[in-house]
Amino acid sequence: MLYFENDYSEGAHGAILEKLTKTSMEKLPGYGADHYSESAREKIRLSCGCPGAEVYFLMGGTQTNAVVIGSMLRRFEGVIAASTGHVSVHEAGAVEYTGHKVLELPQKEGKIDAGTLKDYLQNFYGDENHEHMVFPGMLYLSHPTEYGTLYTRQELEEISRVCRSYEISLFLDGARLGYGLACRESDLDLADIARFADVFYIGGTKVGALCGEAVVFPEKAPAHFLTMVKQQGALLAKGRLLGIQFDVLFTDDLYRKIAGNAIEAADRLRGIFREKGYRFLLDSPTNQIFVILENKKMKELGEKVVFSFWEKYDDSHTVVRFATSWATSMDEVEQLGRLL
Amino acid sequence: MLYFENDYSEGAHGAILEKLTKTSMEKLPGYGADHYSESAREKIRLSCGCPGAEVYFLMGGTQTNAVVIGSMLRRFEGVIAASTGHVSVHEAGAVEYTGHKVLELPQKEGKIDAGTLKDYLQNFYGDENHEHMVFPGMLYLSHPTEYGTLYTRQELEEISRVCRSYEISLFLDGARLGYGLACRESDLDLADIARFADVFYIGGTKVGALCGEAVVFPEKAPAHFLTMVKQQGALLAKGRLLGIQFDVLFTDDLYRKIAGNAIEAADRLRGIFREKGYRFLLDSPTNQIFVILENKKMKELGEKVVFSFWEKYDDSHTVVRFATSWATSMDEVEQLGRLL
Amino acid sequence: MLYFENDYSEGAHGAILEKLTKTSMEKLPGYGADHYSESAREKIRLSCGCPGAEVYFLMGGTQTNAVVIGSMLRRFEGVIAASTGHVSVHEAGAVEYTGHKVLELPQKEGKIDAGTLKDYLQNFYGDENHEHMVFPGMLYLSHPTEYGTLYTRQELEEISRVCRSYEISLFLDGARLGYGLACRESDLDLADIARFADVFYIGGTKVGALCGEAVVFPEKAPAHFLTMVKQQGALLAKGRLLGIQFDVLFTDDLYRKIAGNAIEAADRLRGIFREKGYRFLLDSPTNQIFVILENKKMKELGEKVVFSFWEKYDDSHTVVRFATSWATSMDEVEQLGRLL
Amino acid sequence: MLYFENDYSEGAHGAILEKLTKTSMEKLPGYGADHYSESAREKIRLSCGCPGAEVYFLMGGTQTNAVVIGSMLRRFEGVIAASTGHVSVHEAGAVEYTGHKVLELPQKEGKIDAGTLKDYLQNFYGDENHEHMVFPGMLYLSHPTEYGTLYTRQELEEISRVCRSYEISLFLDGARLGYGLACRESDLDLADIARFADVFYIGGTKVGALCGEAVVFPEKAPAHFLTMVKQQGALLAKGRLLGIQFDVLFTDDLYRKIAGNAIEAADRLRGIFREKGYRFLLDSPTNQIFVILENKKMKELGEKVVFSFWEKYDDSHTVVRFATSWATSMDEVEQLGRLL
């Protein structure tokens, strides 16, 4: 069986496991106060060009979204997100559990544009009843989006400008950020993101770690953020587990290198699909490929390959997703190619 | 420097790291649906003598407490706990964040007794205004307690009987359960606990794992528990990280064996303290030792040993805690002994 | 100045104030246990043809929505509502504050149809990832809707059937229910609503009371509903204030009679608008009239009449709302007519 | 039957009902923007000697406590209260429902003293693990307390000083404030309270109104307080109901006068009890009298008088509470006296 179901099917990159093993008997303080976590934070600050950034490590994407949103919003505020955003659809109401509404905006290929955002904010404050409504307090973007698409530097800059003029924070969910950074089509680097966003995270779970997301506040974390992390049950006793992983990922550019592997594999796979005449649902340059399969083909292929059902296309076609990862080998891609 | 600060200073037992490494490139389904997690669940069911138990793996203690309490209580219910209970004091309000009150009861050496509980429940229902008060919905016990003390089988049975007669659930926090089970003084095994409690967890974080607590519902988990785990940001994408660790811990009795190491070390250390005439705050048979130190001695010792401040005893004495763990070597104990 | 701004500009119907005054020095038990509240409950049960119904009195619409939704949903469930529903837009996130998501469905003239609802539910359960999503637990309808439109008996029956086949409850917000019941175009009476809904409320605030909504559970209220009402700060010490008002409103058909006054006034006003060639945004048969005004006319009229801005129609036209109420006199309508 | 059960058994003072009736057909804006509400706010500002105070009207005590605490605390903070405080015991978890812990302190006759508070705060910040605990963010006092006792000016000043030195806010629950102000033994007036507290409320429900509590922020309300009031379901559409009542209560010193009636009645009743040799549980100078009754006497009296059971005293005695109110007549007191 070939696996292209998602980007979290394997354990962790070998270098991570090696370091976890080698350091295991060192006695270290808990809750992220160990020197590996500090080293990881320092490397991330450097990569982001933010010597004063505050960096925290959390376990996974939904947790990170709930903690960041729940700790940065004021009580009467909600978070704006694309209607296809992960927080809007696939987090079992984790944001609402913190008491905040997700204010859904229309999207295109998973992206929100600055104009739509501005109109929304303008209308909100223009409505004389807005004190009876949920105040927009933050914009949530995913980059890459749930459709594997990317914001350009200019798009992000414009969005950031709108956010700042309305004094709402900009939060970028980077669960798959590595794959965005490694993408030739992208003109954004970590320093850009740190300049445009008020908070963002660098995903580990989907890019080579056993678990872990590095939350970066380029300026300043909310006061007593650690206590709020604990309050949401997200403070890990053995913080070393996260610190060591990110320390390894940010040594010798490993994070970008292994993300690059996924992109190369995806590029090759896209090429094969294209050559063989398959249609794509949309153009996405990262590690997720959305293909429109004839139902019979889908069934046949499903016997030898694991992929994800995405949505019904029409009566005889279905959209499915193939994902590559830091661990996908070119050999697997070629094997899949031979089945297409 | 010698470390007796807590039981989570090291990484993980070697066998765990080895297995994580060896299985790392296997492609496995996420969210706990992998075969290692299933194997771990099955081994735990066997150990508990509960073939029908539902077992879930969560990351850490506070998270587990918040998820279990938040998903089992009805909205108008609170959780009864000792005033020294971890949920009462050291979880940054994680229980209250889920909307529930912690109803604190007086304790003795960290323990609640059946009589106190029964009186409380009787008074509650006897109060004609109780509809204006928080209903008791669950009893939270820690075993071993925060003071390292243990419930006897008879005590737990009596408490369980009171809970059942008032139809409140009994939740046993076993963050350090291994150390309780490994203790000669204890007459409780996992099957007893599974018989008396409605839900409990077997702590991994403090007993040899990188992270992880195994939540056991001997009868049945609340409907849609997985969704509620996700809603609290506690569902791990790579569930294998937890499943593999518990699979290793429950193979060849490893969990009990490594817990036994902590108990042997603690017994030896207690012996040394006793021989040298130190006084104890209380008699605790597990891996935590509470010693009353003369302040000058405490300062002197603090230069060579890391231990925990517990509380002021009197103007010239302080209570401090020494903790052993699965990783403590007898050599470290002897070195400490020579400093006393 | 003429007032057609809303239906809660006046105090209360004279008979209510008279009764409040006359009974004021009677010493009565608190929290709704007085005999006036019981009498009101009994009259409402009779009107609904539900001798076993449980009836509670709350203060206002948003409070009632938050309490009913917050006490009936399970933790992992959300409430389905039209995207224009009051709970979706104008309640400052009161539902999300209770931890629940509002699952917005597309609407037509403020109404949801059974087909849309069924598709949504079918797709939800058809999605293999639905355990990672918010479960639909309840349908919220407003009747009359925010656009003054009404469900027919057949529509409500079909919706109810879908809800029951998916085991979600049906909650009907009747903040303006009186105006719906008094409407000739409506074929629904209280007994129908009690048959189709699992919970609904009969609005007092907008139909002649100083405050108050009567929540009816035709079958059974959630266990310990009173405690949850208190927990949300919605339990009134002097429950008599609400009980007496509803007792008066449900004596000699007063509720329907005074609602009828609003409908007659609205009918006459609609006739005048029609005669004078004004266009309506939509056909709404109750006490709210949505008229498309030329901007110049709007400004001119605004100097002598208070009405509500609804939305921009085009560059030179605006939609405004005129509302009549139980207190509107025909004389006021004619005065307005002369200004049109 | 004679009624001394509580201070909310009657409806409202006649002047209030008269004004509600007389103004009923005036068309007024909603949500507290009417001129009666504004007039009431202005009179309250004057009474408090705070021309810049922000004043809001809410419905009842539990609601007010939940809204004030829930909107002033930061997410990681709890509210300190006496273990006998209303928020600690009798509000069905309304504070915890907002996500905040009630941090209970020992009390004496319902009162907290400045020293206890200071020790608590000192210990909290002295604990090196305090980041894992709930931060104290506010002190809640009731005045009069649940035991009818009063703080002196000096006591309140000392408490206020401690709060300010630790930067926590001081919230005074004045559900029965009128009875405190009217008490000869009290040396506190509204201006003192406004100087020492950061927020407090002037209770209407128990002092002559149908409902309503006037929340006073001597300096400044939290940003967007109105939206948070709405979010908690506490914003009344017909704000006039509250505004008119407080406007009447603060005209010609009515609030103090009718509160004075309760105190005179209570003083006379205390005198009778004393003369006849009854024992008191404690000395409370306001409108609540706690008497230790022989059980036989209690039973006998209970056939002719309604009073409240408070607590068991010993095997043959019980503590019961007699409450007078703005509506108690001296004749009722004398009738009761004859039964003693």
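For reference, chains read A, B, C and D in written order, and residue numbers begin at 1 within each chain.
Here, a contact is a pair of C-beta atoms (placed from the backbone, for glycine too) under 8 Å apart; a residue touches a chain by one contact, two chains touch by 3 or more.
Just so it is clear, the model here is predicted, and its values are computed rather than measured.
Participant: Farthest chain from chain D, comparing Cα centres?
Facilitator: A
Participant: Could you tell me which pair, B-D or A-D, is linked by more C-beta pairs in contact?
Facilitator: Contact tally favours B-D.
Participant: Approximately how many whole Å separate the CA-defined centres of chain A and chain B?
Facilitator: Averaging C-alpha atoms per chain gives centres 34 Å apart.
Participant: Can you work out the whole-Å distance between the CA centroids of chain A and chain D?
Facilitator: Roughly 50 Å separates the two chain centres.
Participant: Taking each chain's centre as the mean of its CA atoms, how far is chain B from chain D in angstrom?
Facilitator: Averaging C-alpha atoms per chain gives centres 42 Å apart.
Participant: Listing for chain A: what residues touch at least two other chains?
Facilitator: 76, 91-93, 97, 99, 131-133, 227-228, 230-231, 235
Participant: Give every residue of chain A touching chain D within the complex, in rising order.
Facilitator: Those in contact with chain D are residues 70-71, 74-76, 99, 131-133, 135, 223-224, 226-228, 230-231, 235.
Participant: Across the complex, what residues on chain B touch chain A?
Facilitator: Checking each residue of chain B against chain A gives 3, 6, 8-12, 14, 17-18, 20-21, 23-30, 59-67, 91-94, 97, 205-206, 210-211, 227-228, 230-238, 240-241, 327.
Participant: Please give the residue numbers of chain A that touch chain C in the complex, ascending.
Facilitator: Residues in contact with chain C: 76, 78, 89-93, 96-97, 99-102, 104, 128-129, 131-134, 309.
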